[in-house]
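Think of it as A, B and C in the order they're written, each chain with its own count starting at 1.
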Amino acid sequence: MHNLTIKQMSEKLHAGEITSVQLTQHYLNRISQFDADLNAYVTVTPELAIEMAKAADEKLAAGEGELLTGIPVAHKDIFCTDGVKTSCSSKMLDNFIAPYDAHVVTQLKKVGMPILGKTNMDEFAMGSSSESSYYGPTKNPWDLNAVPGGSSGGAAAVIAAGLAPMATGTDTGGSIRQPASFCGITGIKPTYGSVSRFGIVAYASSFDQAGPMTRSAEDSAWMLNAMAGFDERDSTSADRPTPDYAAELENSLKGLKIGVPAEYFGEGLDTEVEKLVRNAIAEVEKLGAETVEVHLPNKDLAVPSYYVLAPAEASSNLSRFDGVRFGYRCENPKDLQDLYRRSRSEGFGPEVKRRIMVGAYALSAGFYDAYYLKAQKLRRMVRDDFTKAFESCDVIMGPVAPSPAFNIGEKSDDQVSMYLSDLYTIPVNLAGLPGLSVPAGFANNRPVGLHIVGPYFSEAKLLNIGHQFQQVTDWHKQMPEQYQ
Amino acid sequence: MSLGKTEVEYISRLAAIEVNESEVDEVAAKLSNILDLFSQMEAADTDNVSPMAHPLDQVQRLRADVITETDNHEKLQSVAPAVENGLYLVPQVIE
Amino acid sequence: MSWEVVIGLEIHAQLTTKTKIFSGSSIAYGAAPNTQACNIDLGMPGMLPVLNEGVINKSISLGLALNAEIGRKSVFDRKNYMYPDLPKGYQTTQLEFPIVGQGTLEIEVDGKKKTIGVTRAHLEEDAGKSNHGIVPGMTGIDLNRAGTPLLEIVSDPDMSSAQEAVAYAKKMHELVQYLGICDGNMQEGSFRVDSNVSVRKPGDPLGTRTELKNINSFKFIEKAIEFEIERQIELIESGGEVVQETRLYDSENDTTRSMRSKEEANDYRYFPCPDLLPVIITEEDIEAVKKIMPELPDAKRARFVSEFGLSDYDAEVLTSSREIAEFFESVVAATDAKDAKLCANWMTSGFAAALNKDGLAVNDAPVTADMLAGMLKRIMDDTISGKIAKQVFEAMWNGEGTADEIIEAKGLKQITDTGAIEALVDEVLANNPSQVEAYKGGQEKMMGYFVGQVMKASGGQANPGQVNKMLKEKLS
């Protein structure tokens, strides 16, 4: 059952060949069977899932089912879920049961998608390997010695191992696309503002964007249709009609102009990865597309710019974790400062603390101009690079990450090298553009993704390209043997 | 750029995060590495570039001045570490 | 050599919206703790602000009243510091691009006019309240007030005495209430005045200032500033130095004392709030506000003098609040503007005294504008005298009916019949021959005595003008 596409599942559910309860139970069984090794879920919610599945079956029986009704979903543990623990994989929120649902959770509940559980992640979404979780690292289903990527590593792993058919993720600097690449699945970060941030625990507000993580581009299109849309509770939500992201899936790619940025194929890119990405681009060319060389000259400035701005926003966003209204509170605080300093010191892990500290420093008197303001200017330069590039092409293609998944522990002691593993995804977040990762082969038996970036609100086009690519390749259909 | 103990203490105070004596050196070293990454920005010429705070050139939408929230303090306080008489408790603050 | 005093004021005016600046929670005063603090006000994880449209027009109207520039692109920033009454660990405020820019306000002290610069006015959210002593050894936090919209109005350091500072604060207090953007309730903290005070020798650079906070009456603001000026001068003259700090006024001992000084200066790390976008205000938005702006106090005062011939003093009193001014104008209109001065006299004396006695606001008075006008019309058409009117007014105030009903029921109609008055006059003159002699001998003040006697004889109902006229005729 877990090898069906979403559309096939939906057809079977609507035809009454399977029930949502059966489908949901199937995934719950697989979670029991496999998740002990993977550690991809922080929380599994079997009772809630079955209860929701029953409701979905009634909806289907009444002929009120929508395309995704009855298909279960796993939420990254950064989406607030009313009545279910939302930890952000942090000790700080280990006891936090959100008294409300995130907008995305509400949307998917309305459709009737049973919630299987909450997936593991880097603490507060700060990381590229899912190793910084308070609940221990998630493992890559393709190789248990490898990281699944991050921060949405748990979500990527559950899709790769067939422990959920669909999962939500968030992407602040690459946190959907990089784990999608590392785990051989499909993930799209939509244009900033497409999906409401309401109820998503904030990391860096002007970057955070939620998106679907699925097996195929087609599945992602269906899921994005359910997730996206204007939300008046989020001031940065794009106030525009929600497009049908699946509408262009079958379009021909004839005449498509692919920009290939020279800077994305330079020093530091694994040669195997380069080969796979170039092969993939060649595959798309066979479908009628042509390539043009484009330039993104400020690419190298994107990483420092991002690591100033995102921690700066985070340092402020995470000030609310003070041990007063929710979350972890230290034992017997002797005074107010002690309450703050110890609750935060004991509740946050090392990488979160580092980013809060570095972010506070970047905003502090004397450094604001040199760090924060400078980084904001570079942000514009990076965005302008894309604007210029899109004058001569429809989309840009390149690698998602410089290498396939690295080993657990390999980079956890060297932040800067960890930061640099997002050098191809970060510029897209700085600009707020949409980016898609689709599986494009294997290097040393670990998956590698193709990165497709488009102009603002071009998700349907990106998914069209991904889908057409997936009609002529089968990387996205492959699963690690033990989970087949 | 290399941070010393004084800077780490200052940052620790800004961030309201305790850094123990035994951690200071390691924190200083790791933060310094990150600041080295920041120093790559120095070379870039940004003289005629205006800062960009938001990815989309949108303007603020306004909410009608209508009461939409009702008393929900019992549920909201169910996740609070220390509450009494409807008040959130903190160690005594002297003003 | 004398000292020069430099004072600047920061006024926090709570805007009269129904809901908070960034959430749909009520801002009504006095609710049980935390019952008006929703997940957004509490800074719960994942919660986001959406700006209340009510704060925009209110800010624009103040800007227009101060002849200030309106910030066409207004930006919200975060001011970062952690305190229990500040749930998010930052206050959303405006730093670089406030909604109201440089403007002015004219004040008057001892008949001298002075223009005070207003540096800016910016929108921000209020903090919650800390309660001490309810739970022993702990501070209890109530976040009902957190997120209440404030307009912080910052003056230039243009005031050079406590009197000027209070005149400015009062004028601003009157203005925000006129505009209907703030209820001005100082006890409930809707209008809070912080004073920055420093002294220097003329020609010297600005001295170190202290800030006086949380003073909830104009009287105490004046006293606190006066005390602080003296304290600073004495300190410097005895070789000391003023420390930049916040000081609290102790009204019982008429003194100021230092607030426990913070260990180190705050580093607020302001930066643009990434959850909010720039607010754009167009020419049309401003025009729309202009159309619904009420007439401002200064303009109204001038008009009352020119249009109704009132004295400056009466105009001042009758424009001291928008409600009083509107009441007065309704009375004038209902009497067809025949005698605006008479209306003014009644409002500033009898009516004002009655309000005062019962502690009522103008719009809560048992005598409405129409009722007062009904009575004044009867004075104007000589149905009753001014003296009888006092009796009528009291009866109206006690709920006995309209002026006409009371005049009818009590038979208070003035005697205007010439024959009847003549009979009374003749009787009085006949009964007081020696006084008549005295008058004729040159003691003209006797006329008052005769009028009084005739009025008395008529039970107060004779028309005093006619009585006067007839007495003069008879005695000539």
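Note that contacts are C-beta pairs under 8 Å (C-beta built on N, C-alpha and C of every residue); 3 or more make two chains touch, one makes a residue touch a chain.
Values in this document were obtained by computation on a predicted structure and should not be read as measured data.
J.: Could you quickly compare A-B and B-C and let me know which has more C-beta contacts?
T.: Answer by contact count: A-B.
J.: Mind having a look at which chain is the central one, using mean CA positions?
T.: B
J.: Between subunit A and subunit C, what's the gap in Å when you average each chain's C-alpha atoms?
T.: 57
J.: Let me have the rounded angstrom distance from the C-alpha centre of subunit A over to the C-alpha centre of subunit B, please.
T.: One centre to the other, that is 23 Å.
J.: How many angstrom between the C-alpha centroids of subunit C and subunit B?
T.: 41
J.: Can you tell me which residues of subunit B touch two or more of the remaining chains?
T.: If we look for residues of subunit B contacting two or more partner chains, we find 14, 16, 53-54, 58, 60-61, 63, 72, 76, 82, 88, 90-93.
J.: Two-or-more-chain contact residues of subunit A, please, as numbers and ranges.
T.: If we look for residues of subunit A contacting two or more partner chains, we find 96, 98-99, 206, 232, 235-236, 315, 319, 322, 324-326, 336, 340, 360, 364.
J.: Among the residues of subunit C, which are close enough to touch at least two other chains?
T.: 39, 42, 44, 50-51, 82, 84, 141, 267, 269, 274, 276-277
J.: What does subunit C use to touch subunit B in their complex?
T.: These residues of subunit C touch subunit B: 17-19, 23-26, 32-40, 42, 44, 50-54, 56, 82, 84, 130-132, 134-135, 137-143, 259-260, 264, 267, 269, 272, 274, 276-280.
J.: Considering only the defined contacts, which subunit B positions touch subunit C in the complex?
T.: 13-14, 16, 53-54, 58-69, 71-73, 76-77, 82, 84-95
J.: Can you list the subunit A residues touching subunit B in their complex?
T.: 95-99, 191-193, 206-207, 232, 235-236, 238-239, 298, 300-301, 303-305, 307-308, 315, 319, 322-329, 333-342, 344-345, 348, 353-354, 356-358, 360-362, 364, 370-371, 373-381, 383, 415-416, 419, 430-433, 456
J.: Mind listing the subunit C positions that touch subunit A in their complex?
T.: 39, 42-51, 78, 80, 82, 84, 87-90, 141, 267, 269-271, 274-277
J.: Enumerate the contact residues on subunit A facing subunit C in the complex.
T.: Touch residues, subunit A against subunit C: 80, 86, 88, 93, 96, 98-100, 102, 197-202, 204-206, 232-236, 312-313, 315-316, 318-320, 322, 324-326, 336, 340, 360, 363-365, 368, 372.
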